[in-house]
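Heads up, the next two complexes both have chain A, just with different partners, chain B and then chain C.
Then we have the complex of A and B:
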């Protein structure tokens, strides 16, 4: 077996163990699924009240805004736990055991975290889509294009998971140098919420929108949501391309932070 | 005499809890800052949305900000003073009440006030900051805010505590109290009018959002002190209910003979 194939097998095994563990304790996440469902319901009521007085805002009508929110919240609910776990591993010294094992720290963490998160995504997605159909009917997908929307949406959500992972990993690995790094994550999390999650970036004032487009935040929530509610094949390809570029940049950033940080690992005790 | 003694006890419990969390100052201020940042993110959302629409469900930006100020500060106060309100279920399940039963204080009060939640200090401060930034808030409105906050905090504390107390009968009620928290906060922080009239009775009964957000807003808008009285009446009713529930539940409590000490 070739080296890349062996590596792929190794990380697949790590992912599959983590997914099985997640599956065994899926019921323990019920409160989070309920919170997501409640959020979707409340925002569907907000959009109903908002659009009672006008048909469209920045090109979005009520159905688009509701479905936008349903999809935009998926990467937030499903892919937000990466930071805390990795950061904790670094702070409590668990990292030392991992560095000694025959795998790459970042790829192994990726398999271990992103695998179960995709399972979470499937459950959140099922809850969101069921609620969306019940509250406002089907998503505004152009007739005959559903076959293209579904794979584009799935790819976009997977890219979003990768981007969230590498960005959170980069922030978490600042714990190599800093004792307290939670504030970085909070700022990141809130920027992600404001820039494209709670509302589409098209709603932002011109100057804020122009700045937002140069940040990775729209690639987290806006991209998959936009693909679903305003699908157009060329625009979707461009959105996916931008997402892929941000994933690459974030992966390089996390490698650089890891390379710089691991030199500062100090082992005390045995 | 008994009220004075209870207040003295509350003051001392608060001072001990505050000292304990201030031991780790960086962590304390980070959590306070993080919670305020969390709340501020939603303020940005509402600002953008209301600038686009002019209002949502009859609420303008200042209405939304007031609702956030009162809910956030009251929620914060409840968890700063009575940080154990969300731990009763676990304590009942794990037999941790024994140590409180031996002490010469009201068990419920002693249990709920024996801890403070650090991030809640950020929630508590947030409302004051919002109000200070709001234009045209005169002395009477500040006084009204200060009169509403303890009552709304009591509603939060009593409602969460009542849900947690169900553990005496159900074994574990953290799921119910978690759901109540989500529902109470979610309904309180958004305009009442966006919800169907058929479901609004819930906000005045099972999920008392009305008394931590909607009635305080009505009081604030019309400088109506009568509405402040309604919030206090609801708070006292919830307090009596939760204490009666806890007392009834305590009769069913079985010790786990768990060794423990309070220092």
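Then we have the complex of A and C:
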């Protein structure tokens, strides 16, 4: 086997072992799946009330808004644990084994965290789509374009996972230098919720929307949700392109944070 | 062949001082007060291939920090280190291929999965092809007697079983140096003995260089051939186990029990403890001839029991550990030389 193939194999095996472990304890995530289902149900009722007196808000009707929420919440529920796990690993010293191995710290963490998170995404997706069909019927996909929507949506969700990983990793690695870094994640989480998760960014005032478009947050939840509820091939390609650009920028940022923090690793207590 | 070489290796840590009181806390936001801790201060080391080395020191002496610098986990603040000819900080990933690590207080195995899964993962991480991995796993399973619990999730294993799996996992890629940081911590006497036997086998049969930190003197006596004691971040003793044990031979513990009450005071020798008909002394044989001491004791009354023991190695090390400064540690080490 060639060196690049061996290198690639190590990360795929890490991901597969992590997924196996996730499978072993999938039932322990039941509460999270139920919470997501409850959120979807509650928001579908809220949208039903909001749309009682009007057919459309900023170009979204009730069905679009409900499906938007279902998809926008998927990356939030599936990909929110990266920060806590990496941060904890840095703080409790478990990082010693990661740094003593012949692999890249960030790629190995990526394989270990993103692999199981995609399994989580599949379960959340199944719950969300089942509820969506039951509550408001099928998503508003243009006739004859379903074959294009599904791969575009999947790619967008995977890009969202990558973006969330690199952003949260960058925040978590501030623990190399800072004793307490939870506040960063708290701010990140709230911004991600406000900018494109709870409501589409089209609902925001003009000025807020203009600012939001220059941040990575719409690429987390708005992008996949928009692809599903307002699919148009060229717009979808543009959305995926912007997501990919943010993923690249976040990956570079995480590498820079690692390089800067690496010299300051502190592992106390044996 | 030298496999580990350090010159003036040092590491400092910076920590924020938490001020007391509201005003001081506010002030610290603008102007934080920092404390510099010199965890390792200029360590010079040379370790030859195949050596089995005990790296000793009390808590906070700098043992783990040194190991972490030698394995590329921590960057040194000063000095240089070469391990297998590589700079650990710069060539971390390349070095990792040639060394194995076991940190007794951490686990490298997947908690919810059996050891076989962790071995498969580590095989891929160390770029071992499937056939070699299967052969190597088989060898280690046999040597470490892992067969009965190889497929049991790690969380269901006893600590002793888990440590055996940890050490086996660290050997999958046939490392030339094995760094063990307190591998027997928390183990019962039987499990400790098993680990020591395995380490001794590794030394004898595979010629692996073993760098061991432990608080357990038994580990050191049974496994190691050389002892380095560090304290306050510097090396205070670096000698063979034979020499260290020889120190113990210079000091004898003499216990005596007389048939009746006797005077236990001896010229120039205070008893460690005594009753009216018994006493225990520590005799420095470079100052007092043992024969003379026993003669004097016999003159004090009829002896019904007499014991002569070497000073426990643990006491020698404890005296060095107990010193409160680098100077005191050197004095303690020298006094017992």
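Keep this in mind: the second predicted complex is superposed on the first by the 265 of 270 C-alpha atoms of A that agree within 3 Å, B and C clash if a C-alpha of one lies under 4 Å from a C-alpha of the other, contacts with A are read in each partner's own complex, and residues count from 1 in each chain.
Rule of thumb we're sticking to: a residue touches a chain if its C-beta (ideal position, glycine included) is under 8 Å from a C-beta of that chain, and two chains touch if they have at least 3 such contacts.
Here the structure is a predicted model, which means the values were calculated and not measured.
In the superposition on chain A, A:13 makes contact with chain C only, while chain B stays out of contact range. Of the two partner chains placed by the overlay, only chain C lies in contact with A:265; chain B stays clear of it. Residue contacts after overlaying the shared chain place A:97 against chain C, while chain B stays out of touching range. Once chain A of one complex is fitted onto chain A of the other, the partner contacts of A:24 are limited to chain C, with no touch recorded for chain B.
By the document's definition of touching, of the two partners only chain B reaches A:203; chain C does not. With both structures placed on the common chain, the touch criterion links A:46 to chain B but leaves chain C unconnected.
Looking at the shared chain after the overlay, A:35 reaches chain B, while chain C stays out of its contact range. Overlap of the chain B and chain C contact sets on chain A: residues 179.
Within the complex, the chain A residues that touch chain C are 1, 3, 6-7, 9-10, 12-14, 17, 20-21, 24-25, 93-97, 99-104, 179, 262-263, 265-267, 269-270. Residue ranges of chain A in contact with chain B, taken from their complex: 30-31, 34-35, 38-39, 42, 45-46, 48-50, 53-54, 57-58, 179-180, 182-183, 186-187, 190, 193-194, 198-199, 203-205. Chain C makes touch with chain A in their complex at residues 13, 16, 64, 68, 71-75, 92-94, 96-97, 99, 101, 103-106, 108, 110-113, 117-118, 120-121, 124-127, 129, 153, 181-182, 185. Remark: chain B residues 26-27, 30-31, 33-34, 37-38, 40-42, 44-45, 48-49, 51-54, 56-57, 175, 178-179, 182-183, 186-187, 190-191, 193-195 touch chain A in the complex.
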